[in-house]
Each structure stands twice: as structure tokens, then as C-alpha cells.
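Note that subunit A is present in both complexes that follow, paired respectively with subunit B and with subunit C.
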Partner chain A sequence: MSRKDFIRRMRKSKLFIIGLAGILAIALLCFLSPLFAQFNPTKSELSNRLLEPEWFSKGLGGHVFGCDSMGRDVLTRLLIGGRTSLLIAFSVVIITTLIGLVIGLLAGYYGGVMDLMLMRVCDIMMALPTLLLAICVVAVMGASVTNLVVVLSITGWIMVARVVRSTVMTIRNSEYIKAAIVLGIPNYKIIFKEVLPNVVSPVIITATQAFGGMILTEASMSFLGLGVPAPAPSWGAMISDGREYIATAPWVVIVPGIALMLVVLAFNFLGDGLNDIMNPKNKD
Partner chain B sequence: MENNKKNALLRTENLKEYFKISGKGYLHAVDNISLEIMPNETLGLVGESGCGKSTVGNTLMRLLKPTNGKIFYKGEDITNPSKKKKLELTKKMQMVFQDPYSSLNPRKTIRSILSEPFLINKAASGIELEEKVNALAKRVGLEEYVLGQFPHELDGGKRQMVGIARALAMNPEFIVCDEPVSALDVSVQATIINLLIDMQKEMKLSYLFISHDLSVVRHISDRVAVMYLGQIVEIAKTDTIFSNTLHPYSVALLSAVPKIQFGQEEERIVLTGDVPSPMNPKPGCRFAPRCWMACEECKNKDQHLAEVEDGHYVACMRWREVREKTAGQAWKKGIEVEHE
Partner chain C sequence: MLKKILRRVALTLIVLFGVTIIAFVLVRLSPGDPAVQMLPATATEEQILNMRERMGLNEPYIIQYFMYLGNLLKGDLGFSFHFNMDCGALILARLINTAKITIIGVLIALIISIPLGMIAGIKRGTAVDTAATAFALCGQAMSPVWLCLLMILIFSVGLKWLPTQGVGTWKHMVMPSLCVGFSFCSLVTRMLRSSMIDVLQEEYITATRARGISKFVVYVKYAFKNAILPIVTISGAQLGLLLAGSMVIEQIFNWPGLGQLTVTAISSRDFQLVQSILVVVAIIMVLCNLLVDILYTFIDKRVSFN
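Right after this comes the complex of A and B.
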């Protein structure tokens, strides 16, 4: 597909546009929040404890989404926490994609013993429960953003590796790979120049779809206290903190919950949209 | 024969390619094939699907490692070449593939595909590379605007021209053509065949032309080898094999070629039964279970290629009877008439 085709298809895909717009909006809000945030996300003001949302009655200067049980502004925590969540998800997706790409390329291209060994490693990793692994790591090394990224990466690359491997195995049998071998092109060059460009689109699609899942996993880890250490905000931790007051002060839970849902939805839209755009079988 | 061996450009000696199928044994894809390809000669290799024709091509190009046997290039053993020798051989031996829709990387422009052979052999760069690619495209009859396009923007014929150009880039001496026209429209087939013939004249090429299309093979080949279940059953000059067919399988194959000849009695030999499995074949002639001439002895005795006439080898002990039985058949006559 040429670049022109690609752009035309991108414009035509509603899912893609909606997903991309949503993600850009959320990411911009989160990362630019230090410029306009009115409150300190970690400083508690007990006079404001469980303050009801003031919406926009005081403009942006008020507590738009209210305050939590420690009297911290929910909107500020949401934006600052979103920054952490997105950053963690982004690093994990990048790391897992790179590891998965390398493993998948090697297993799919060389096949045989290499494939057998790498895929057994995958099976072993699959058998590890992410949550238990996380508890172990946190118990040993303590809760921190880095440790969270490590835990999520350890189990996250397997999906990518499997997708890449199966795509590479199909490509490996095409005649243009035979042609490259007959021309005397060394294996590493064949992998980089002939195979890699053809696995980029499935990898991008998988990575995008994994992004939403990663944000959710990060939230559940933080919810369980295995993620971002308090008092730094994170969406999962916010939901966890607020669950005791869900009957009296539902906004403390609902606001980060909705934000979480919107981000994941946006990433799923983007992933599906990319799938439509990049799949050559979808004629327009 | 001895003389042939010395002068042959490419020669195989008892070439075997077995595939291990776990739990079942060995699939004998290529079994004991010895053949010679002379300089500037086209050897046609015919046979039905699954008889191992393409495996022969792939083994010659070292895409597969032969299980046993030897390959010689200009008298030099190239069965297990060194790395340096391998790269040297890629310049001399090239391949044209069957499916022009899968033999070109969909993500690359034609120019980038045709630059590859020059780049890998460090034969040109910069403006020189551009000029060489332009000249290469021109040689096979591709317009220059095609170079900027992607494979999916071209039709099958043009794509195959790109495939041929890529093979010709380093001025090879020998090319394996693995069913180069079977995926193309009939109208385009002629263009590609003529291109191959022109290139052969121009560059003194030798071809191993693998095909199941007998009319195409007859048009392009100097000699023809007929394969059945991994073995060569008959090999001779093209005219000889079509007018004096001696192996029962070749007879059946040739009589199946559709012809437009009104008013002529024609007897077609229809083979019954399926092709036996190439897994762990039993001793005895492989064609015997389907052969219309087979006797008890055929089923027990291995048949080997034997020279029955000058340069005409047949792997059948009853070739004399075959000749008698098929004498005066319409499809043989048709050929004799054409050569008057």
C-alpha cells in the first residue's frame, strides 16, 4: 500500500479518527496539566474532605470534580495520575513490542529448534500468573513505577511474539524470500529488509490493542497496592481509595472509572481502525 | 556420455532429496537424479504436480540441502560450497519463480527490487546503480515509469518481467525457471517465453525449464526430461521425445496434450488410479501400479535409465513393446507432419 492510499483510508475510517482524536485529547490534557492545574495533587486539605463536585460554578479555579477522602482535588489527581498511567502503559508496550518482535522474528524465520525453544519459553511465561508474579516482585523489590513496568513487560511480550511469529512463518514461505536467498542476501539482511517491513502493520495493530489492556492492568495493580506507591496519584489507586465512600461520595470512584473506560475505548477504536486500514484484504 | 559429463555446465550425480516426516518415514521427493545441462542449452523438466520437479530446481539453487548425491558446476563440486563460493555462485546461477504475485516483496518499489542484486554484490552505487537498473529494465522491455511503482500496481506479465530482470542482473550463466508462465494468462505466456528465448540468445544462457505444460516445454527446450515420482523416466532431444516416445508414462502424458486436428483418429491413454505416495516407496518400477504395460517383473525390478538410442535414455525394460504399440498413433503423426 502506498502512502497516498494509506492516508485516504485513514480519513475514511471513523473508528480510527474517533480513537485517535480521543487519545490525543486525553494525552494532551494529562501531559499539559502541570501548566493549568490549580491544586497540588498530593497535598491534603482536610477541610475539603469529600467535597462535592462544584462543576464549573467557580470556573476552573474550583474543585470541578470534587475532592477525595483526604481533601485532594479529584480533577488534578486524575490528570496527573493519567500521566503516570499513560507513561507506564507506553513504556510497557514499547518494551514488550521490541522483545516480542525479536523473539517472533527469530522463531518464525529460522523455525526448527530455534522455534521450538523460543515457543516453549513462551509457554512457560504464559503459565506464570501476572498478578502472583507482581506480588512476588513487589514483595522483594518494593512498589515502584520501574518495578511495575518490569512485571508487566515480563509477561506482556508473549502475545506480540506469537503474532509476529505466525506472520513471519507465512512470509518465510513466499517466493520473494527464496529470491532473496538465491541472490545471496545474508539472513540478517533478509530479516530486516524483506521480512520486517511486512510485519510492521500487524505489530502496530497488536501494540495499539495491547495499550488499552496495559492501562487496565496497571490500574488493577495500583488498585491492589502493587503499583504506583502512594501518595502519587494513579487511576487504579484512586478507585481503590474511593471504594469505601462509594455510597456517600460516588464521584471519587466514578470520575477515574469513566476516564479509564474512555481511554481504553479510544485505544480499542484506534486498534480496530488501524486493523481496517492496514489489512490489504479490506478493499475500499 | 563421457564427453557430455566433461563439458556440462551443470551436472547432478545421483541427487537425492528426502524429507523426514515424523512418525511416517521419508518422503522421497527426488530420488537418484543424474542429469547434465550443457552450455546454452534448455533442458525441459516435465511431470505432473508433486513429482518433485520444483524440488530439483530448489536443490540445484541450494535452497535445500541435498540428502545425498552431488552437484557439479563446470566440473567443480558445489554440493557444499564455502560462503565465498556461494556468493560467487549466486552471480552465475539464478532463478525465476512460478508466482509473480509472491516473488516480489509487496513493500518495495520495482527499482528497489532490481537494485538488490547490484547492492549485495557491491557492483554499483549512486548514479551508476540507477543507470544500471534502468538498463536492466530496458533489456527485458520494462518501461522506465514502472521502476517507481509497487508490485501490486503491475499486471502478472510485467511482474514476471521484473522477476526475470532480477535474475539477469549479474549476467548469470544458468537459470532455473520454475514454472515461470503457469500463473500467467495465455496471452502473456507467449511474451514471457519469447523474452526468455531472446535473453538466452543474447546472453548465452542455459535454462532448466520446469513446467507441466508440454506445449510450452516443446517450444523452448532443446532436450526434455520426464519425471515421475522423484525419478527421471525418460530423457531425450525434444523432437525425439515427442516423435519417438518410449516410456509408457511419457506416452500417457503426451497423449493427454489437447490438439486441434480434425478427422484424425486419436487414442488417448488414460491412466487409472492415483499417484502412489512418495513416502517410503517400495522397490520395483514406481510407475508399475498405474502402467498400461506393466507385467509382474516390472513390479519387482527397479528400472534404471538406459541409453536405447543415441542420447535417448529410458527407464523401462519394455520400451520396444511400447514403440510397437504406439507406432502410427495420431499424436505421434501430428508431430512428424509438422517436421516435414
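Right after this comes the complex of A and C.
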């Protein structure tokens, strides 16, 4: 696909544009929040305990989404927590993509024993639900942001590896690769010059689609107390904290829940949009 | 055929063997001395040493692993110090509770999603389609945590119809089951819609219609059979997500299932129990995937079992 063609398809895909715009807006709000946030996200102020949302009655100076059970501003915690969630999901997606790419390439290109062994490792990992394995590992290693990234990476690379492997296997059997091997071109050159460019699209699509799941898993872990350690804000922990006050102060739970849903929706849109654009099967 | 089945069973055994290694390593890496945990806090140094000897903790790791594997093969899943009972009996009791809400949840999900997905695919571009698509997208973007709390807010706090948590009457099962089935329901709706659209464009559908067979029969008898295939393929992998979701859901609704047991085992640092849960979950996952593969060869005559 030419670059011009690519841009034309990108402009035509509503899903892609909505997803991208949503993610950019959320990311900008979260990462620029220190510039306009009025409150300290971790300092409790008990006089403001479970304060109702003031919306925009006081402009940005008031507690727009109210306060939580410790009198902390919900909006500030939401933005700072979002920064952590996005950073974690982003690091995990990068790491898992790299691991999955290497393993998928090796298994798909060399086949044989290498393939057999690497795929059994995938099978073993897939026999355990991600969240279960992740909380077990965190329970052993202790909860911290770094450990969270490590754990989600350990469990997350399989999807990418499988996608890469199956793509590589199809390419591996094509005439031009066989020709390159016969010509005596070294394997690493074939992998980098001929095989790798072909797996870029499926990898980008898979990685984008994995984002949403990562953010949801991270939220579930934080909810169970095995994610981002307190008092640092995270959306899962915010929902968990607000649980007891759901009857009297539902905003404490509703606000981070909606934020979570919007982020995941935006990433799912982007992933589906990219699939429409990059997948050669989808003609326009 | 027999050779293929044997190969599949061999691969399954390798997977289970791998899982026992992961479970074993995880527990050996966990902080705390298992012997100390088994004894009362007042135990003397000598008692601890005796316990270590009795539990085989002084042997090399490789011997310990094979001792553990041997016990597993005998059906001995170990002893939970937190619950002060046999892991096997404990897990079985909790597993039944989880199975209850999972099966009800999945059934409800299928009852809703199959007609919804089919209609959305057939009546593409209509209001029904838009509503179904919106439901499917939101359903998959919702955190199970948030979904549960939202349901409590609506059905318990607002309408006062259902109890917020616990066990007892059928009312206690409604919200946990709905929450377990929710994301599966949205996924099936979405996939069935798109595969229905694909199938309806196939020539055999046009041909069947041309023979004068009614639309309804074509959709239900001919199109549905092929449109459901991709959903059967993913249903094995979905089980993992259902079980993972149940950890959070059972925790919120205080439902005494396997998910809640896992969280309790981890927070009380009962790693013997965690280890056994990992192995049991893996066995369930592997068996279900095997079942899905076998089922698939029966519904789709084009693929052979491998």
C-alpha cells in the first residue's frame, strides 16, 4: 500500500479517527494535568469528605467531580491515576510486542524443534488465565508499578507471538523466500529485509487491540489491592475505595468507571480502525 | 484419527506438566517458610526443624518437585493452613459455586446474544443493529469491577430488588451471574453479527433462497450453522476470561467461589492453596479447550481433528 493510499484510507475510517482523537484528548488531559490541577492527589482533607460534585459552578477551581472518602479531589486523582494507567499499559504493550515479535519470528521462520518448544511455552501460559497468573506473581514479588509492568508483560506476549508466527509461516512458504534461501542469502538478512516488513501491520493491529485489555487487567489488579500501591491514585483503586460509599456517594465510583470505559473504547476503536485500514483483505 | 487424538492428549499432558512446574517455582519463590505457617505461632525452633524434615523441605528442589508431582498424581492437593483443611475438598466445594454462576451467566448471555447478533447481522444498518453494536462495544470496554458496582447501584441501592451480596436464595445469584456473562454476551453479539454478515454474502445462501425456502429457515438453518463457527473457536479461550472475571465479581458479591478463594489464599499468603488452585484451573482450561476442539470437528465437517 502506498503512503498516499494509506492516508486516504485513514481519513475515511471513522473508527480510526474517533479512536485516535479520543486517545490524544485523554492522554493530553492526563499528562498536562500538573499544569492546571488545583489539588494534591494524595493529601486528604477530611472537611471535604465525600463532597458532592460541584461541576463547573466554580470553574476549574472547584471540586468538579466532588471528593472521595478521604476528601481528595476526584478529578485530580482521575487525571494523575490515568497517567499511571496509560504509562503502564504503554510500557507493557511495547515490551510484549518486542518479546512476541522475536519469539514469533524465531518459531515461524525456523519451525521444527524451535517452533515446537516455543509454542508449548505459549500453550502452558495460555492454560492459566492472565489475571490469575498475574496476581500470583505479584503476590510473590510484591506490588509496585515496576512489578505490575513485568507481570503483565510475562503474560501478555503470547498473543503477539502467535500472530507473528502464523504470518511468518505463510511468508516462509512463499516462492521468493525459498529463492532467497537458495541464493544463499543469510537468514538474518532474509528475516530483517523480507519477513519483518510483512509482519508490521498485524503486529500493530494486535498491539493496539491489546491496550484496552491491559488497562482493564491493571484496573482489576488495583481493585484487588495487587496493582499500583496506595496512596498513589489509580482508577481501579479509586473504584475499590468508593465501593463502601456507593449508596451515599456514587460519583466516587462512577467517574473513574466512565473514564476507564472511554479509554478502553477509544483503544478498541483505534484497533478496529487500524484493522480496517491495514488489513489487505478489507478492500474499500 | 486415533493418532491425532493421541497426539493431542500428549500435548495436553505436556501443558499440564509445565503448569505444575510454574506452580511449584512460584511457591518456592514465595516469601515465608511453609513449615512455620503450618505450626502455631508459639512453635519452638525444634518443632519447626522437625516440621521442615517431615514436609521434605530439606531435600533438594528437584526431589521436592517430584515429591509434589507424586502427591498430585495420587490426587493429594496438599493442606491449606489458612482454612485448616484439605485443598482438594475446599477447591471442589468452591468450584461448584463458581460453576453455578458461570453456567447461568453463559446461558443468559447466549440466550440474549444469539438472537441479537443474528438480527443485527441480518438487518444491517437499522436501529436494532446500531443498538446491538453500541451494546457490544460498551460491554467489552467495561471493567467487571465497575459493572458489578453499577448493578449494585441500580438493582440494590436504587430499586431495592436484589441483595448486595452473599448466598442463599436465587436472588443472590442474579447479579453475579449477569456480571459473569456480560462481557461474553457482548463479544458473542459482536462476532455473530460480523460473521452473519459474511455468511449471508455467500453464494449458497442466495442459492437456497432461490429455491424458494423461506427467509427464516435460511437464516436459522443454513446461515446460523456457519456463522456460529468462529464463536465456537474462541469459546475455549473465553473460559479463561470468565474465570479471571469471576475473581473480581465473587470478591464484590462475596460469593464463595473459586475466584474469592484465590483472592483469600493470596491475601493470607496460603501458597500451598494458591499452587493447587493454579493446577486445578489449568486442568479445567485444558479439558475445556480439548472439548471445544472435538466439538468443532463435529459441527464443521471441513476441518479434521488435529
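Everything below uses one rule, namely that the second predicted complex is superposed on the first by the 276 of 284 C-alpha atoms of A that agree within 3 Å, B and C clash if a C-alpha of one lies under 4 Å from a C-alpha of the other, contacts with A are read in each partner's own complex, and residues count from 1 in each chain.
Here is the rule we use: contacts are C-beta pairs under 8 Å (C-beta built on N, C-alpha and C of every residue); 3 or more make two chains touch, one makes a residue touch a chain.
Source: prediction; values computed, not measured.
K.L.:
Quick one: subunit B and subunit C on subunit A, clash or fit?
P.N.:
Once subunit A is superposed (C-alpha atoms), there is room for both subunit B and subunit C without a clash.
K.L.:
When the shared chain A is used to line up the two structures, what angle, as a multiple of 10 degrees, is there at the CA centre of subunit A toward subunit B and subunit C?
P.N.:
Value: 90 degrees, nearest 10.
K.L.:
Thinking of the overlay built on chain A, is A:Ala139 touched by subunit B (first), by subunit C (second), by both, or by neither?
P.N.:
After superposition on chain A, A:Ala139 lies in contact with subunit C alone.
K.L.:
Regarding the shared-chain residue A:Ala219, is it in contact with subunit B (first), subunit C (second), both, or neither?
P.N.:
The answer is second: A:Ala219 touches subunit C but not subunit B.
K.L.:
In the superposed model, which partner reaches more residues of subunit A, subunit B or subunit C?
P.N.:
Greater contact footprint in residues on subunit A: C.
K.L.:
Answer with first, second, both or neither: which of subunit B and subunit C does A:Gly184 touch in the superposed model?
P.N.:
The answer is first: A:Gly184 touches subunit B but not subunit C.
K.L.:
Mind working out whether A:Leu131 is in touch with subunit B, subunit C, both or neither, as first, second, both or neither?
P.N.:
In the superposed model, A:Leu131 contacts subunit C only, not subunit B.
K.L.:
A:Pro197 in the overlay: touching subunit B, subunit C, both, or neither? Say first, second, both or neither.
P.N.:
A:Pro197 sits against subunit B, while subunit C stays out of touch.
K.L.:
Looking at A:Glu175 after the superposition, I want to know if it touches subunit B, subunit C, both of them or none. Which is it: first, second, both, neither?
P.N.:
After superposing on A, A:Glu175 lies in contact with subunit B but is clear of subunit C.
K.L.:
Between subunit B and subunit C, what minimal C-alpha to C-alpha distance in angstrom results from the superposition?
P.N.:
Here the least C-alpha separation of subunit B and subunit C stands at 8 Å.
K.L.:
After overlaying the two complexes on chain A, where does the subunit B footprint on subunit A coincide with the subunit C footprint?
P.N.:
After superposing on chain A, no subunit A residue contacts both subunit B and subunit C.
K.L.:
Mind listing the subunit C positions that touch subunit A in their complex?
P.N.:
Going through subunit C, the ones touching subunit A are 11, 14-16, 18-19, 22, 26, 29-31, 137-138, 140-146, 149-150, 152-153, 157, 237, 240-241, 243-245, 247-248, 251-252, 262-263, 266-267, 269, 274, 277-278, 281-282, 285-286.
K.L.:
Which of the residues in subunit A end up touching subunit B in this complex?
P.N.:
These residues of subunit A touch subunit B: 2, 174-176, 178-185, 189, 194, 197-198, 280.
K.L.:
Can you list the residues on subunit A that touch subunit C in the complex?
P.N.:
120-121, 123-124, 126-133, 135-137, 139-140, 212, 216, 219-220, 223-226, 236, 239-240, 242-243, 246-247, 250, 253-254, 256-257, 260-262, 264-265, 268
K.L.:
Taking the complex as given, what residues does subunit B use to touch subunit A?
P.N.:
Against subunit A, the touching part of subunit B is residues 58, 61, 63, 86-87, 90-91, 93-95, 97-99, 102-108, 116-117, 120-121, 150, 163, 166.
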